[in-house]
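Labels run A, B and C following the written order; every chain starts at residue 1.
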Amino acid sequence: MRNIFTLALIASAIRLATPLLLAALGGLFSERAGIINIALEGLMLAGAFTAATVTHFMGVWLAPAIKNAQDAQQNWKLWLLTLIVPLVGLLAAMVAGLIVAALHAVACIRYKADQVVTGTAINILFLGIPALLSGALFESTGATPSVPVYNQLPTIPIVIAFALVPLTWYVLNRTPFGLRLRAVGENPEAADTSGVSVARVRYTGVLISGALAAIGGAYLSIGQSSLFTRDMTSGRGFIALAALIFGKWKPVQTMLACLFFGFAQAVAIQMQGVVKIPVQFIDMIPYVLTVIVLAGFIGLSRAPRALGIPYQKEK
Amino acid sequence: MKLLRELLFPLIAVVAAFIVGGIIVLLIGDNPIETYKLLIGSALSWPDGIGYTLFYATPLIFTGLAVSVAFRCGLLNIGAEGQLYVAAFATAWVGITFANLSGWILIPLACLAAILSGAVWGAIPGVLKAKFGSHEVINTIMLNFIAIALASYLTQYHYKVPSDPIMQTFEIGRQDVPAGMEALKGVNAHIPRLGSFIPGLPERIPLNVAFILALLACVLVYIFLWRTKWGYEIRATGANPTAAEYGGISVKKQIILAMAVSGALAGMVGINEVLGYRYRYYQGFSAGIGYGFTGIAVALLGRNHPIGVIFSALLFGALTRGSLFVDIFTDKVSKDLVLVLQAVIILFVAAEALFRGPFSRWGLLKRSKI
Amino acid sequence: MLELRNITKRFGEVLANDHVNITVHPGTIHAIVGENGAGKSTAMRIAYGFYTADEGEILVEGTVRQITNPHDAIALGVGMVHQHFMLVEPMTVAENIVLGAEPGTTTSLDLKKAAQRIRALSDEFKLSIDPNAIIENLSVGQQQRVELLKALYRQARLLILDEPTAVLTPQEVEEFFAILRRMREQGKTVVIITHKLSEVLAISDEVTVMRDGRVVGQVETKNTNAAELARMMVGRDVLLRIEKPPANPTDAVLSVRGLSMVAKDRNARLDNVSFDVRAGEIVGIAGVEGNGQTELIEALAGLILPPAVSGVTEFEGKNITGMNARRRKELGIAHIPEDRHRRGLLLDFDLAENSILGVHYRRPSVYLANILLDDKSIRRRSEQVIKDFDVRPPNPDLPARALSGGNQQKLIIGREFKLNPKLLLVSQPTRGVDIGAIEFIHRKLVELRDEGCAVLLVSAELEEVTALADRLLVIYHGRIVSEVDPKTTTNEEIGLLMTGGQR
């Protein structure tokens, strides 16, 4: 029991928390602007699939060049090439995230669709689309080919995720955009009468959430593993949402919640076969905690006041 | 005129979804017309196509009704998935624990377990909303994961044949049958398949009495919502909770009641699955994205009305059936096309609500805000 | 400073502004008066760019300007303080004030600089507002001053104030007027929308009177008086008088003793209220809106229950203090709510379904063990309500939404009368209702009284309560401050009592 809290465990907890944190911070930007984002799961899947696919094709395309550099022992060139490949994959994932988030944003902001319903549709869509495309591209049932180890991105997303925490805090509290974002999520009418474009701020918030959640997804496929598999997020988008609620829609607390959930998972993995605690109970922790927090048993977690309500200006 | 409008928008949504799906099929490099021919043809062939279409539609009718009832009370139940998992496990548990009872007692008892456990699991977010004001959407999502984890735990640690690599429970019904009568194993817990009544429909098709039950549930839900005082109270709460309160209706009670009824309906999926099809609890039985989530699409497309639910459940049932053939007989398109169609239908139906939504809201504003 | 020319604005079929012309001179305080729904707020919201006019033009400082959103208005030096404050409650004063006009760069918000300017402005106009306070912790009067600061911070030269005094206590009103005068001294122009004539006379230099979406006159305040303004506002010299025989009150039906109510924000809304209503009389409650009338009626209807309310309520000698709305209705307490869209109707339900709200669970609405709705009986009931109360169009299958305000109100009144109540709680019975329906509703209320029903009437229209009531209670800050005889008391005297003055 004593050797549970090892460095390896902490490292594993951070790795497991990273995709959650990226998605949760994404969700924070969307929800603080007043748009419910239960599409985090779908956004992560879109990012994960795009990253794996683009990285694979980039890797195939640049394979000869990599081989040459290897043979010629041009270390800097090799380093650059092997870095470019997954970075392009990561960038592509962000673009995919932006596009999918734009779909959510247009439906919710311009057409005032129910945000939960739209989010659900997007989650369903990105269970289907990667499977369809991987079938067509790779003749598999929902998986992409594995990318070689040197084309993976194990640390960059971790750095991004944790660097984003203070950055998000700063943006929220120390920039005009953050002020507008918070105002729009609390009282869009007040923001509107002060001359703030509610729609523009909300679009920005949702788009940011798409990009961040997609990075989280990309980390799953080309960071933690080497390929995309069907439904590989397995609910992480919802755990991220749970972390966001548990963290009271604040960046630092959200990070702590993600770390806690990541730690619980890491412990579960470590204890497999050692202690007889069914893994299901550890899986349940984030969900049970969220229910308890929402009921107000552990301090009050107050959502942005205008969350989920489309802004309808009378004309 | 009103009926036409009610029909028009869902039809537009379906057609639009098929067009989007067709474009995707084209992009993948297959022939959309051939694909759709295959999809629809294989769903409507007799007896297999129709039999399976109706079989796949059965759980969707239940979940579609579940979502509709909650929606009529102004609640979005995206927890049907968890409710049906809990219920299916409870059904199997009764079938295993009371295996030796006579079928006349065991089957009703198992059905009751499905309904009650679904109702309880559904009522939890209702109570949480009524008592603490916590949002039912987040709570139902969380309870889905909790339900699935719970059922998985119980299966793995308490109700599984230890050597079985599949996550499933023991079979339901009487297992210790006399030698030579193995065919009778468990049948006291089985509900009949429709093949045993309908000529030409082979019994291997798992379409069972639960389908009849689903149609009956539609009638009962209709009566409940529009012909009883309880339905009036639920609908009044959904239409305007403050006016309902003024009319002496306890909004909190209605929220709990609607969620319980919703959960009970979702729970009835367990009857189809456990008593009519697999005769055991099987982890992950809720196919595709899960009957509970498809139920949202079914309800939205069916305008939260039982008759609409039947038709849209049949559509999604047919798509599920047809997609298997698309999977096998096309080069590049997989059965996941259905997920895309489903998602796009939801998006379009949600997008339609916006055409009308602003209208009615505005109508209210113009009278009160000048 | 500001001129509206031929402004016309329609909301659906309703003509909210009909060729409105208003000229506001620089450095003046200009009042716009009119009854509820006269189109005052609409005209000013157009000037602020919150609505866009269908026709007409807006001139600011002599030039025609396109004002399509608040941003345009702010840029032209026009600021507006809305009736409902436009403040983000969990944020600080400074954050609220700079919102949309943030100092500093895109990457760094300079709130310190903003706070300094706010403090300077606050001192200049003696507003005493701390820029770092959180809005939720401020009083209503303070929040209003934050709204003023918001406009001043944006260097507004013209301030439009929509019903600014509705939420203020009399002391606060005095302070507020002092601030407005200081603003005028500093060269600002102020437009104040109100329906209180005393305030118009006290503060303004010029007055524009509006009625039914039109401007009926613009005069200098010093050349006019309350009577003339009232005549212009109402459009009739002879005030609506209701023919009613003297009341024959018998026993007390409702006895309220020491009723108090504390709201969620821990402020007392009702403070030790005691009175009786006897069978066969109409007791009116007069008061400025927001002085506890809403809470009083809702507490008596059983919509607010202990522990939020305390004290004893007796109905026909029976203690009903803890009884919920349904039980009270069963005893014979009917309730016509003040807001028919929020409380009174299910707008998407048809008239038949609406006609049984509140009795939907008992005979004759239901049969078969009191479970199934009895369509035939429900239809009969609704047809009777429609016929007796002249609801148009007379079609029980129409959704309530399809009816005009007056017909919706008649439907509600008909439904409540159908209960054969012993006590009727009625709040704002004629708000937003056309003249014909008003007279009809008034006649029905008197008829009900004469049948021996006890009626408790709340109305924001002083004319209405004084005309209908047999006895009048004046409510102020949640307290019954006085009881007067409406026949022998002038409106001025009642008005004084309503604002906390002494007779």
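As a convention for this text, contacts are C-beta pairs under 8 Å (C-beta built on N, C-alpha and C of every residue); 3 or more make two chains touch, one makes a residue touch a chain.
Quick caveat: nothing in here was measured; it's all calculated off a predicted structure.
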{"item": "Busiest interface, counted in C-beta pairs", "value": "A-B"}
{"item": "Remotest chain, chain A as reference, centres from CA atoms", "value": "C"}
{"item": "Averaged-CA centre spacing for the pair chain C and chain B, given as whole angstrom", "value": "47"}
{"item": "Separation of chain A from chain B, taking each centre as the mean of its C-alpha atoms, in whole Å", "value": "29"}
{"item": "Chain A residues counted as touching two or more neighbouring chains", "value": "314"}
{"item": "Residues of chain C engaged with two or more neighbouring chains", "value": "none"}
{"item": "Contacts with 2+ other chains: residues of chain B", "value": "362, 365"}
{"item": "Chain C to chain B touching residues, read off their complex", "value": "11-12, 14, 16, 37, 39, 41-42, 301, 303, 324-326, 329, 335, 337, 341-349, 353, 357-358, 360-361, 365-366, 370-373, 401, 405, 432"}
{"item": "Partner chain C, residues of chain A touching it in the complex", "value": "174-180, 182-183, 186-187, 189-196, 305, 314-315"}
{"item": "In the complex with chain C, residue positions of chain B that touch it", "value": "223, 226-230, 232-233, 235-236, 239-240, 242-250, 360, 362-368, 370"}
{"item": "Chain A partner contacts - residues on chain C that touch it in the complex", "value": "50-52, 69-71, 74, 80, 82, 85-91, 95-96, 98-102, 104, 106-109, 150"}
{"item": "Chain A residues touching chain B - in the complex, by the definition given at the top", "value": "36, 38, 103, 107, 111-114, 116-118, 120-125, 127-129, 131-133, 135-136, 139, 141-142, 235, 238, 241-242, 245, 278, 280-281, 283-284, 287-288, 290-291, 294-296, 303, 312, 314"}
